[in-house]
Structure formats: C-alpha cells, structure tokens
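Before we start, here is the structure in question, set down as structure tokens.
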Amino acid sequence: MTELLLPLTVLAPLAAAVILFLSAGRLPARQAGPLATAAVGLSAIISTLLAVIVLSAPPSAPIRITLWNWMTLPGFPAEIAFALDPLSLLMILIVTIVGFLIHLYAIRYMQNDPDTARFFGSMTLFVAAMLVLVLSSDLLCLFIGWEGVGLCSWLLIGFWYTDPANTAAARKAFLITRTGDAALLCGLLLLATRTGTLRIDTLLQAVTSGQIPPAPLTAVALLLLTGALAKSAQIPFQSWLPDAMAGPTPTSALIHAATMVTAGIYLIARLHVLFAATPAVMTLMAVIGTLTLLMAACNALVQTDLKRILAWSTVSQLGYMFLALGTGIWQAALFHLMTHAFFKALLFLTAGAIIERVRHERNIFHMGGLLRATPGLAAAFLTGAAALAGLPLITAGFYSKELILSSVWQATFPVGGGLALSGHVLWSLALAGAFLTTLYIFRCFFIVFSGPPQTEISGTTPRLMTIPLACLSLLSLLGGIVEMPDTLAPVHLFTRMLDPSHPLPHTSDPAWLLLAGALTPIAGLALAWTLWGSANPVIREAPVPTPGAHRVLTARTVESRWRPGIVPDALFLRPLRILNRIGRYDLPDRLSDSISRALCRASTLAAQTRTSLIAHLSSRTLRITREGSLLLGRMQNGRVRWYAAWIATGLCATLAAAMLA
Amino acid sequence: MTPLPALVLLPVLGGAIAWLADRSRTRPEQPPPVAWLITLITLILETALLLAETFRQSPDPGPWLDHFSRPWIPPLGIDVRLDMDGLSLSLLWLTLILSLPCVLLATRQIRTRPGLFHFLFLATISGVTGTFLATDLFLFFFFWELMLVPMFVLILIWGHEDRHRAAMKFFLFTQGSGLLLLLSILGLAITHFRETGFLTFNYFTLAATPLSPALSMVLMLGFFIPFAVKLPVIPVHVWLPDAHTQAPTAASVLLAGILLKTGGYGMIRFNIMLFPEAAAHFAPVALSLGVAGILYGAWMSCQQNDIKRLIAYSSISHLGFVLTGIFSGSQAGMQGAIIQMLAHGLSTGALFLIAGSLQDRMHTRDMTRIGGLWATMPRLSGAGVFFAVASLGMPGLGNFAGEFLVLFATWRVSPPLAILAATGLVLAAIYALKLVNGIFLAPAAPAPSPTKDVPTPQIAILGSLMIFLVILGLYPRPFIAASAPSPPSVVTGKGEPNHAHP
Amino acid sequence: MPVMILFAASLTVIGAVMVITRRIAVHAVLWLVVTFLALACVFTLLGAPFAAALEVIIYAGAIMVLFIFVIMMIGPAQPESDREKEWLRPRAWLGPAILATLLCGELLFGLRATPHTGTPAPITPRDVGLSLFGPCVMMVELASFLLLAGLVTAFHIGRHRPETP
Amino acid sequence: MTALPPGDALLLAVILFSTGLAGILIRRNLLFMLMSIDIMLNAAALVFIAAGAKWHDATGQVMFLMILALAATETAAGLAIILRLHARGRPSLDADTGNLLRG
C-alpha cells in the first residue's frame, strides 16, 4: 500500500506539470489552475493518508522503495529510491498541504494572466521536485530534486519575462544557488569516492562507524553546508532571495514557505549525524545562522517594499533554523520550519491580496489605513505577524522559537583548539533578533493598516483566495501546540514523532529564560506601537535619508532599492562579469585568425614585391633601351664631323685596347 | 551474410540515386522534393537494417557483435574490414536518430540544388558509419576523409554569410590533422612490419605490436591530435565555432551531433585501446586539456550573442567532459564519456535544429534581435527551454548522467580537476540561461516574431528526442551496458586475420 | 743632312696646322700648298723622287687650282671670316684637339720602337714604271676607273640644273 | 744625301694624320674639311712611300699613285658638291647642316 502511494505522491504533480507543459497554449487558461491544484491536492491527500498509516502504526524502519537502478558502476551503485521516515513525512506534509493552499489561492490570483499553463506547470513541477528532494533515500537522487527546485525557481521568478529585471533576478537566483549546487556536487563526489555509496542510511552508518577520516569529513561537511547555505539564502549567498520577489506572489509564497529555501534545512537535518561528527562546521553553521538572522532583521527594518520585508524576514527566520541546526537540535529547526511555513505562506498570500487591492502598489508608505477597508486581510496579516514575532502562548511561532532559544542557551560551540563559544552569546544575539523581528513586522503592519489611507482601495478579495488565508491563519495560531516547553506543559509530540529513539534532552530550563523569550516580542510590539502605531506616531512619513531612528540601525541610505547583496555580488557576479568581458574573444581563434591574416598579408606582400620588382626591372630595361637608342640616335645625327669623331674615338679605343693587351 | 557493408554503402547509394533523380527532373522549381523523399526512404531502410543488425544473433560469443572482412589491396595488407561492438552500435543509432529529424525538419526547405545537397548529406552519413565500423586502419582513414569532404562542400555551398572562410578553416584544420593520422597509421603499420615481417593494417593485429615507450607515445600523440581537432580539444577548437555557425542547419546538426563524436570514438578505439600505457602517461595532460576545454568553452559561450555560436561553444564545453572521461583511466569515466557523447548529440543536435528553424523564420541569429518567442510559439520555446536545460546539466536528463560519471571518475584521479570541472557546470548554467532568457523568455525584440508556431509533427520529432534524453538521464544503465567498447585483444571466430600467413 | 730632314718635316707639320687653323679659305689653300711642297721634299728624302714630282705637279698644281677655282666661285670671304671666327671658339676645338692628340700619342707610342735600318736606296721612276706596268697593271686600270667615276660624279653634281622639286 | 729613315717618316705621317683629323673635327666649313682630308690622304701616302723605301719596293709608289687618283677624285667630287650646295642657297658651307640635305 505505502509502496504504491509513495511514488504516487511525486507522480501526481509531475504528471500535472508534464500535461501542462505539453498542452502549451491549448489548454484553456481556466482549466490549468484547477488541474494543477487538483494534482497537488491529490498529493496532499496521499501524504495525509501516508501520515495516518505511518503514525497509526509506527514501523521500526523507514519504508524504502527502490524504483530502479539509476547507474551501476563498479563500487558505486546509484538508485532512484524513495524512503519514508518521520522527517520525510513531515516535509511532504508541509510541502503538499501548504503547496495545495498556495495553488488554491493562485487559481484566482493568476486568473487574468495569459500564460497560466506555464505558471501552473512550473508550480507543480516545483512541488514535484521538492517532493523528490525530501523523499529520496539516495543523495544523488536528492540532487535531482535539488537542481529541480532551482530550475523551477528560475522559471517562476522570471515568469513575467517581459521585464528584463525579472529575468535578471531569476538568473541571479539560479546562478547563486547553482554555485552552491556545484559545491554540493563536489561534496557528493568526495563522499561517493570515500564510501562508495550515496545511499543515505549506508552513508550515515559509514560516518558513525568512523569509516571516513576527519579531514575529508570536514571537507564534505563544509561543501554540503555551502550547498545548503546557497539554497537557503544565508550569508554570504543571501542576495538572491529578496530579488526573487520579482515573481508572482504565490511563487514567493511557495519558495519561502514550502519549497526551495527549506531544502537546505532539510539536507542538514537529514545528514545531522554527519554534521554532528564535525563540531567545527556545526559552530560555523550556528554563527552564520546568527549573523544572518541579525543582518536580515536589520535589513527588513529599513525596507519599504512589502514583499521585500517579508523576504528578509524569511532570511532571518532561516537564520534561526541554521542556528538550531548548528546547535544540534535539528528537531527544533524542523519545528520552526513547519510553523514558519504556515505563517510565512499566510503573510505572503495576504500581502499578495493586499497588493492586488491597492492596484499593485508595493511600497508600504503608499498604503496605510487599510484596517477599515480590509478587516479580514488585516486580521490575517496580524495573525501572521504575531506568529512571526512569536507573541507568547497564542501563536505557533512562539513555541518553535522558544525551543530554539532555550536550547541555544545551554549549548556550547567548540571552536577548535580547546576553545568554545558559549551559547549565551548566541542566545542574546538571537534574542535581539527576535526583538528586531517584532519591531520590523509590526512596523510594517502599523504603516500598512493604521493611519490615514494613502491610496484608493478597490475590489474585494475573492472567496477562493480567502479560504487558504483562513486555513493558514488557523495553522499559524495552533500549529505550535504540538510541542511545548516543559515549563508550560510537557507536550513533546513533535520531537517524539521525528526521532522516537532520541528525544531531546529536556533539562530544567530556568523560568526566566522562558519569560525573556516571551517578553521580548511584547517589548518589540510596544516599541513598534510607540514608533509607528499610536495615534501620534513618532515616525510617520516615508523614511528619508536623515539621521534618526533608522540611521542607528543601518549605516547606509534607506531606500527600497538598497541592495544588501552588494558583497556577494562583488564576490560572485562581478568576477564572472569581468571574465565575460575578457572572454569576448576566443583567443586561439583570434590567434589562428591573425596568423592566417598575417600569412595572407605576407603572400600579398610577396606578390606585390615580385610584381613591383618585375615591373621595375622591365621599366628599367625599357628605359635603358630607350635611352640607349636615344644615345645611338643622337650619334646618328647626320653630322659628318660627329661621325668622324666617333670613328676617331673608336680608333683610339681599339688602339688603346690593342696596346694594353 | 552480415549487413555491415550494406550499412555503410546504403546511404551513399541512396544519395547517388537522389542526385540522379533530382537531375532528371524536368521542372526544377516545382516540388515534389524527389531528392528529399529518396533520402527519407534511404534513411528508413538504413534504420531497418540497423534494427535487423541490432537484434541479429551474434555469430560468435565474443563481445564483438559482428564481423566482415574481404581483401582489398592484398599486396599492402589492406582489407575491407568492418567490425561492430557496442560502442559502434550505440553511435550508429545516434547517427540515425539525429539524421532522421534532420531530414524531416531541416532539409526539405533546401531550394538550391537539393539533389546534390542530399547526396552530400548521405555521403557524410556513409563516411561516419564507415568510420564507426572500420577496423582496418587504412579503411578507417579512408572513411575519415570521406566524411570530411562532403561536409566541406555542404558548408561551402549552403552555408550562411561567412561560409567560405568557415569552410576553409574547417577543411584546413581537419585535413591537416588527417595527414598526421595517416602518418601515424603508416608508422604503426611499418613498425609492425619491421617486427614481424608482414604488412597489415588490421586493427587487431596491430594492437599486439610491441612498441618501445617513446615510439608508443609518439604514435599515440599522432593519433591523439587529429582526434583532438575533431573532438575538439581546446587549443585546436578554432574551426568549430565558425563551421557550426556558418553551416546550414542540417550540416550543423550532423557536425555537432555526430562528426564530433568520431573524435571521441577514435580516442577510445585507438588511443586508449592501442596504446594503453602511453595513454596513461599522457592522461594528466589530457585531463587538464579536457577541464580547460570545459571551462573555456563555457566561458566563451557565455559571451556570444549569436545563437548558433553560443551552442557551438557549449559543445566545446561538453566535449571537454568527454575528453576528461576518456582519459580518466577508469571504466566509469569511459562510460560517462560515452553517455555524454550520446546526450550531447541529442541535446545539441536538437538545439541546432531549433536555432535553424528560428533562423528560417526570423532570418537572424542575433539574440539581441530575437525575443519574446514564448508568447507566439510556446511549443518550440518549450522545446528550446528543455534542451537548454538539458545542456546545462540538469540531473535527470542525459547530460547530467554523463557529466556525473565523468566527474566521479575524475575525482578519483584528481579532486582539484574535478572541482574545476564542476565549476564548469555553473558556467553552463550561465550560458544556458542566457540562451533561454535571450530568446524564449525574453522581452519582445525588434525582429518580427513569427505568428505561427511550428506544426505538431515537428514538435513530435523534437519530443521524441526529449524522451530519449529523459530515458538516457533517468535510466542510462542499459546504454552503459550496451555501449561498452570491446577491447581489441579478445576478437575470435571468423574475423581473425586469415592473411597472417601468406 | 738632318737639318734638311728636320726642316722639311717641321714645315710639313706647321703647314698642316696652319691649314686647319686659318679663317680665310685662300690662306688655308696657300698653306696647303706649302705643306704639299714640304711633303714633296720629304718624299725626295725618302728616296722617291718620282713621287715627289707627282706631289708637286698634281697636288700642289692641279688640286690646289681646283680649290682656288671653287673659292673664287663661292664669292666674298669677309662674312665667312667672321663666321669662321665664331665657329673656331675654344669650346668648339678643344674636344677634337684632345681626341686627335690622343690618337697621335697612341700612334706615336705604338710606333716608337720601329727599328732603324740603313738609308734606303732611291727608287727611280723606271722602277716605278716597270712595276706599274708589270705586276701592278691592275692598279692602273682601277685608278682609271676611279678617275672616270670622279669625272662623271663631278660633272653630274656640278651641272647646273633648273630647280626641280 | 742623307736619307730620312722610314721609321721617322712614319712618325711624321702620324702627326700629319692627326692634324688632318683634328682639322676635320674642328672645322665646320666644308672647304676646310676637304683640305683636311687631303692632308690625311697625304699622310697615308707618306706611309706608303716610307714602306716602299724601307723594303726598297716600287709597289709603295704605285700605291701612292693610287692615292693620288683617289684624292683627285675625292676633291673633284667634294668641290662639285660644295658648288652645288652654294648654288642651292647654302652659302655658309656648314657641314653640320648637311643633315638638312633634301633631294
């Protein structure tokens, strides 16, 4: 039963994608959306079914299905094989359910677009690729999905290809992730040559049994981490994600919530045993996560584009997840991934609806006062914002973030050489990040929804779009109760499900730790209210580059076009561009061309020389002849005396010759 | 009765008939395209023949599938010797799979002297077939030259604006290196004559020639350079972009899809099999050249604005993988190289077909002047995106399978080279995306877009190529198993040289 | 008698030089007569009295008379003298003089070593007559032909004809 | 009587000949040229005489007679030409205008 259902999960969206692409231009636009939604919905139903089967009777070992042998090499088998364990199960649930809601939403959202077939084809392919990624039991097979999501993100970000900026953003996303992919591929090659297999379970056994020496293992971990960082838009690869807002809003929701960026988290969680064996890499991961979450939160605080704020918030939340992964509590990372998927999808879809209502205006300072016009959207956005900020007790985000924070507090991060980084430092930084998170998301909320209306609001949000919003709001609020801190209630359903054999060590956390985590968002909310939300807000106008509260937080000018990706651009794209400029000419080609041209010129020259030489000689001969004849002619001038003189001269000469001889 | 000689002779005979039929036509302006029809029939017959050959019971149990041998010039020890192993068979299939779409899609539009065109086209195919089958070195050289001359004429007469220069370049490079090949063949045969006292050009006999290491290296290089020119390897690749760009569509497809493969085939069959030790010594250089080709081709490709030129440079990049795989010294690399050859033939051939049909419709190859094709021709654009994506090495498609195997084999030899080659994949993404975002998913451009998409049958042909690529990418195992080259030492049965004792 | 020889020879040379340097034709003719007479002396000294006699009779007599006649017929000498003066500029005679001197020098140099033999015995007119009508009778015939041809030519050219185009 | 050695006579003939030659080259007047030619003929005659004296042979004087006839003929023809030219209106007797001779 499960053996049959598992491939079907992937097959349904894949088939929809193939049908949609093959039907290019034939299938009526109205049918493309429902078809895709139905396929993803089918997939979601199957996943739910699988979840019921698996959870009702937890099997001792993961369910494995080998579809076929991909390549067989001496000492290296590669298979197309799926495996279902709780981790995969969680992922496919998130991907299919959130994906389904997003598709549902997109039916109406993309109704008027002429190219819905391509859109939904790419979307379903995206889901299919992500499912392949999370289901594969073989890293090489995982790589298919890994590249597949990159490809689909490129297709979708550049969906509106008539604007070159969109395709440029799409290419940037693909190239940066592709750079990470190359690193990942190198890591896979290293693993494959070391262990002779890329099957995940065999691989992890090899790691635990110490089959790989530490140095290659660290190299593998670093390479895999690079791939994951690029896919999840962490420092230094973060610049592609905000640009990816160029795509349609459902795409953004899909990329940020369900697919694409979670792939990196999933990979590391999947290989957590391998990473656990390399503590230095873990520390690096945690540090990068912390830095990213702070940096992205600061960026989000100064953006004016609604979608960009959300994009940076995604980078920031992914930073939390990497922090959790670096700490070693991958369950917490996945818990946050799940709640994040709910509220981020909610936020994006709401944002899309808002933007549609205000005539595609994306600058938050041109909105305002939307609360009265769109109370439903405001409620949805507030729910999402609250979950993102992690307002205590009532939101899912609180529980997941709290789990991460409390674990970080207790962890230590070995740096190497006996030194270790205390978890307290990272905890305080992460807490500051949480504060900033609340600040920026409620800044956004207050600016958009309160205050005087700045723009005309038109139309209504269709019911088909509100249903997903409602579902996601519910999930954002209640999704967190599956796992609670011990201080509140000992509910550990989530972590138990993920890893029944190794439950998280729940030491007695001090109560103030929880309190700090709970109070920080509230403090942030209060500050945001003071600054932007109250009747007499401190800051109301669109931020201009003047010294003020904003200048404290960012050293650069505050513009919506501000590109925090400058450093990675300089790192990756500029050298490529320079190389491109250098490579405008094919050097050997030039060389052979110039040689041939030189030969040609030389032969021409030789021919010319020859011709001119001959011409010169002939003309000279001609002249000598002519002059000689003239001379002779002058001798024959008919003057007797001259003849006599010539005779005498000849006589002289003859005599002289005779005598000298 | 073995059908091997028929396989070789059928295309050129069909071509001759096509030519004559076209000449005897009274009103040349009016289609029916007699030559085209005859060509099509010829190719279908050839396919049937190859089918029969594929499923024929092998006459002897060895890895060689079929033999054919007749004396040709006995005093010099030259035979007409054709042998087929898995490698030849798979490359022959590639030849047919590519030439059929070529004829179906690209050659019907030929208006100037269609008879001659089809004759030359089929003559090239004959030459290629012969090259893949010949195991007498002299005969091999004969076919090697045979496939070159018609291609030269094809470029010279039916090419695009700068065809004369391109054709001359092509001819000079390949002909010049062909001379080296002849010298090496003679050198090997004469060495064998000195050692054993009888003159032969038989591949299997010559494989057993005892050679000093230095001589072996010299001869190996003598074989390597012409194959490297054909493949092409980076410093001697300069003929390729021009030839591919200027050739007519069908010739571009033949060049990229099949003719380049003769280089790879030659390297496997002659360099690796005849001189294993010398090849192993030479491997570091060849690997470096291959990786340099990968990076350089991709880099150059990123810079092009001419569609066909971009594809041509991407070929250099892809064939760098082939070279790297061949010289990586392991079976995995060899298999990867073969898979890469097949996949590259399909993907690049299809891209050239698409570029050719675009040029037919829009009369330009300049990417800056083409754009927004998806809106008007979504099916062709979809195919274009698919093949571009295949060409950037998307896992699950044929190219990735080959590239992965090559990288895998290379990593065992030298991880830094493998990392560099993997960097080539990033560059591949750049040029492939540039191609797609330059013409298909791009803002509308000055050149007027055609209003009609290509008809369904043509898309179906491209679709079949896509299916081949997907199968090659997802299930390459049977191909890997079937296309393994056979070593020269295990030949048995009636193919054994019988003139060894004069 | 070397004085006699020297005198005759130098007179010959001086006469010849005077002939070619005179501006007036009659003077030149007279100097030419002097030259011929001196040459007749030289012939005598060489032992050829017959030749000397002929020299005086024919050259100095007959041919010079011819010259005188012609000069007479041509007419006044005065403008001719001026023209000759103009023609006898150093630029005009320097080159020919050098050429002639060169030839003279070469010949002298070539003939310098002529052996001196004894004084020749004189050849009498009888000897000449014997030779003339003996072995050399053909010469006489030739000379008569020559003279005849000269006669006819002179007559033909000198005949006064009406101008015909 | 003291005779002139034929060798010395030759030297005299040379000088005489050169003088005649110089006269021909220098003078443009036809009359003078004729006279110079006579001088040169005399020089030649002197050589014959000297040769005859040296070998004591009468043939030298025979040749002298021959030259005598030649000179007479030449002078007659030359003077006739001069007269003719004069009659045709060339009073200057310039030899260098001889190339303008017509008819």
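Order of writing sets the labels: A, B, C and D. Residues in every chain begin at 1.
Rule of thumb we're sticking to: a residue touches a chain if its C-beta (ideal position, glycine included) is under 8 Å from a C-beta of that chain, and two chains touch if they have at least 3 such contacts.
The chain list, named the UniProt way, goes like this: A = NADH-quinone oxidoreductase subunit L; B = NADH-quinone oxidoreductase subunit M; C = NADH-quinone oxidoreductase subunit J; D = NADH-quinone oxidoreductase subunit K.
Nothing here was measured: the structure is a model prediction, and the numbers come from that model.
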Pieces of the assembly without subunit A, by contact: B | C, D
| item | value |
| --- | --- |
| Separation of subunit C from subunit D, taking each centre as the mean of its C-alpha atoms, in whole Å | 5 |
| Centroid spacing, where centroids are CA-atom means, of subunit A and subunit C in whole angstrom | 128 |
| Intercentroid distance (Cα basis), subunit B paired with subunit A, Å | 36 |
| Euclidean distance of C-alpha centroids - subunit B vs subunit D, Å | 103 |
| Residues of subunit D touching at least two other chains | 21, 24-25, 28 |
| Where subunit A touches two or more other chains, by residue | 641, 645, 648 |
| Touching two or more other chains - residues of subunit C | 95-96, 99-100, 103, 107 |
| Interchain pairs in contact, sorted by label | A-B, A-C, A-D, C-D |
| Residue ranges of subunit C touching subunit D (in the complex, touch as defined) | 1-2, 4-5, 9, 12-13, 16-17, 19-20, 22, 25, 28-29, 32, 35-36, 39, 42-43, 45-48, 50-51, 54-55, 58-59, 62-63, 66-67, 69-71, 73-75, 80, 83-84, 87-88, 92-93, 95-97, 99-101, 103-104, 107-108, 111, 114-117, 119-121, 123, 127-128, 130-132, 135-136, 139, 142-144, 146-147, 149-151, 153-158, 160, 163, 165 |
| Subunit A to subunit B touching residues, read off their complex | 21, 24-25, 68-74, 76, 80, 114-115, 117-118, 140, 143-144, 146-148, 151, 154, 158, 161-164, 167, 170-171, 174-175, 178-179, 181-182, 185-186, 189-190, 192-193, 576, 579-580, 583-584, 586, 588-589, 591-593 |
| Residue ranges of subunit D touching subunit A (in the complex, touch as defined) | 21, 24-25, 28, 33, 95-96, 98-99 |
| Subunit C-touching residues of subunit D, taken from the complex the two chains share | 1-12, 14-29, 31-32, 34-36, 38-39, 42, 45-46, 49-50, 52-54, 56-66, 68-77, 79-84, 86-88, 91-93, 103 |
| Interfacial residue positions of subunit C with respect to subunit A in the complex | 95-96, 99-100, 102-103, 106-107, 109-110 |
